[in-house]
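Here the chain labels run A, B, C and D in written order, and each chain numbers its own residues starting at 1.
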Amino acid sequence: MDVLYFAWVRERIGLPKEQVVTSAATVLDLVEELKAREERYAAAFADISALRVAVDQELTDFDAPLAGAREVAFFPPMTGG
Amino acid sequence: MDVLYFAWVRERIGLPKEQVVTSAATVLDLVEELKAREERYAAAFADISALRVAVDQELTDFDAPLAGAREVAFFPPMTGG
Amino acid sequence: MRVVVQEAAFDAGAELNAFSAGLGNMGAVVSFTGLVRDVAGGLAGMEIEHYPGMTEKAIAAICEEAMTRWSLGDALVIHRYGALAAGDTIMMVATASRHRVDAFQAAEFLMDYLKSRAPFWKKETTGQGDGWVAARDEDEDALTRW
Amino acid sequence: MRVVVQEAAFDAGAELNAFSAGLGNMGAVVSFTGLVRDVAGGLAGMEIEHYPGMTEKAIAAICEEAMTRWSLGDALVIHRYGALAAGDTIMMVATASRHRVDAFQAAEFLMDYLKSRAPFWKKETTGQGDGWVAARDEDEDALTRW
C-alpha cells in the first residue's frame, strides 16, 4: 500500500511517500504501526485530532477500514482557496 | 419647479421634463393637480402604488412636503442591476 | 471606491484585473457581472434609461453604506445605460476584503440595492414590440434581509 | 463545468470574460478571486502544496454538488499550486445563473468547500522563516450552513 504525507506531516516524517506492507484493519491500526516504528512517526501522529486522512483519494475517518485500499494519505487540515 | 418623468411614466405623459408652477404642499397634492390637467396625466398617475417619487434626487414618499423642492421626479419601480 | 455610469461598453475582465491590482493587502475579491439575457428568445435588444445626476448619487450612497457595514478594502460599481444587445455586459460590481465573507456579503448587498434603489429602467425590444421590464417582488423582498 | 489545477499563473480577468462569453442565456455571473496577501508585512512568498489526483477529483465533486443544489448555467474553478508571490492570484471561482441568488450562493458554497475540503496546504515564507498556514475554525464552521 502507498502511504502519502503532505505539508508538515511530510516534513516531520521526512518523506512524501512510501510503500508499506501492512495487515492493519483500519486507518487507526496503521497509525499505531507507524508510530511504533520510529520517533519521527510518533511525533507526526502524536495528535491525530490535528490530522486528516484520505483513503484512495477520498476523505474519511481514522476508523475507516483499509481492506482493498491502495493509497492512504495523511495531512493537516486543508488551507486552500 | 422641474418635474421629471421616466420610463413608461414619461411615455404616457409624452415628455421627459416640464416646468410646473405650483403651490402644492406635498407630492400627493402635486399629483392631484397634474391629474386634473389632462387625461394623459390622469392615466399615468391612475395607480400611484405602481409609482415611485424622488424629490431633489432623493427617493421619498408621496406624502413628502414640497417646500423648497427644486426637482420632483416620477417613475416606475427601478429595474437596474 | 469608484462609481461609473456610462453609455459605452466596458471590459469586465480588465476592470476586475485593475481592481485587484490596486488592493494592497486584501486577499478576497468578489465580482458580479450582469449580462443582457434573452429569456424568452427573440430579444432584439435592450434600452436602459436612467436619471442623470440622481443615479451617480444613489449608487455612491449605496457604496458608502456597504463600506461602513463591512470591512472592505475597496468597492467598484460600473453601470451602463442606453442601447445594449443580448450578451452585452450591463453592469458590474466588485468588492475586496481580507476575509471572503465581507466581500461576498457586500457584493450581494450592493446588487440588492442597485436592483431596486438605483434609478435605472430596462426596456426590452423583441420582434413583438417593446416592453418595460417589470420589477420583481423578490428583488424588493431581498432588501429586508439587510 | 471546468476545473483547472495548475502551477502557472493565469489571467483572472481573461478567464472571467471567456466564462461570461460562453453562457448563452445566463444573466448573472459571480466570481471570487483569492490573492496572496501579506497580512503581517514582510511576506517573501507562498508555497502551495497539493495532492495530485485527489485535488482534481475533490474539486470536481464539489462543483457537481453545487450544480445539483443550484440552478447554474456553468461553474469554473482554477487553483494554482507551487511558488507564489504577494499579490499573485491563487485561485478563482466563477458561477453563472439566471437570477443572481443562485450564482452568489453557489460561489460561496464552492469557496467554503474549497477552503476546507480540497487538498491544498499553504506555507508562508517571511524574513523570520517558513510557516504552514493554520486552518481557521471559521472556515470549518462555515460548512455547517450548507
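Brief remarks on what is shown
Quick note on the criterion: a residue touches a chain if its C-beta (ideal position, glycine included) is under 8 Å from a C-beta of that chain, and two chains touch if they have at least 3 such contacts.
Since the structure is predicted, the reported quantities are computational estimates derived from the model, not experimental observations.
Where touching is counted per the definition, subunit A and subunit D have no chain in common.
Averaged Cα coordinates give subunit B a centre that lies 26 Å from the centre of subunit C. If each chain is reduced to the centroid of its CA atoms, subunit A and subunit B end up 71 Å from each other. Between the CA-based centres of subunit B and subunit D the separation comes to 48 Å, rounded to the whole angstrom. In subunit B, the residues that reach two or more other chains under the touch definition are 81. Shared interface positions of subunit C, i.e. residues touching 2 or more other chains, are given as 34, 100, 111. The set of touching chain pairs reads A-D, B-C, C-D, using the touch definition from the header.
For subunit B in complex with subunit C, the residues that touch the partner chain are 4, 6-8, 10, 54, 57-59, 73, 75-81. Against subunit A, the residues of subunit D that register as touching in their complex are 34, 48-51, 53-54, 57-58, 79, 90-91, 111, 114-123, 132-135, 140.
Residues 11-17, 20-21, 23, 25-39, 87, 89, 98-101, 103-104, 107-108, 111, 138, 142 of subunit C are the ones that touch subunit D when the two sit in their complex.
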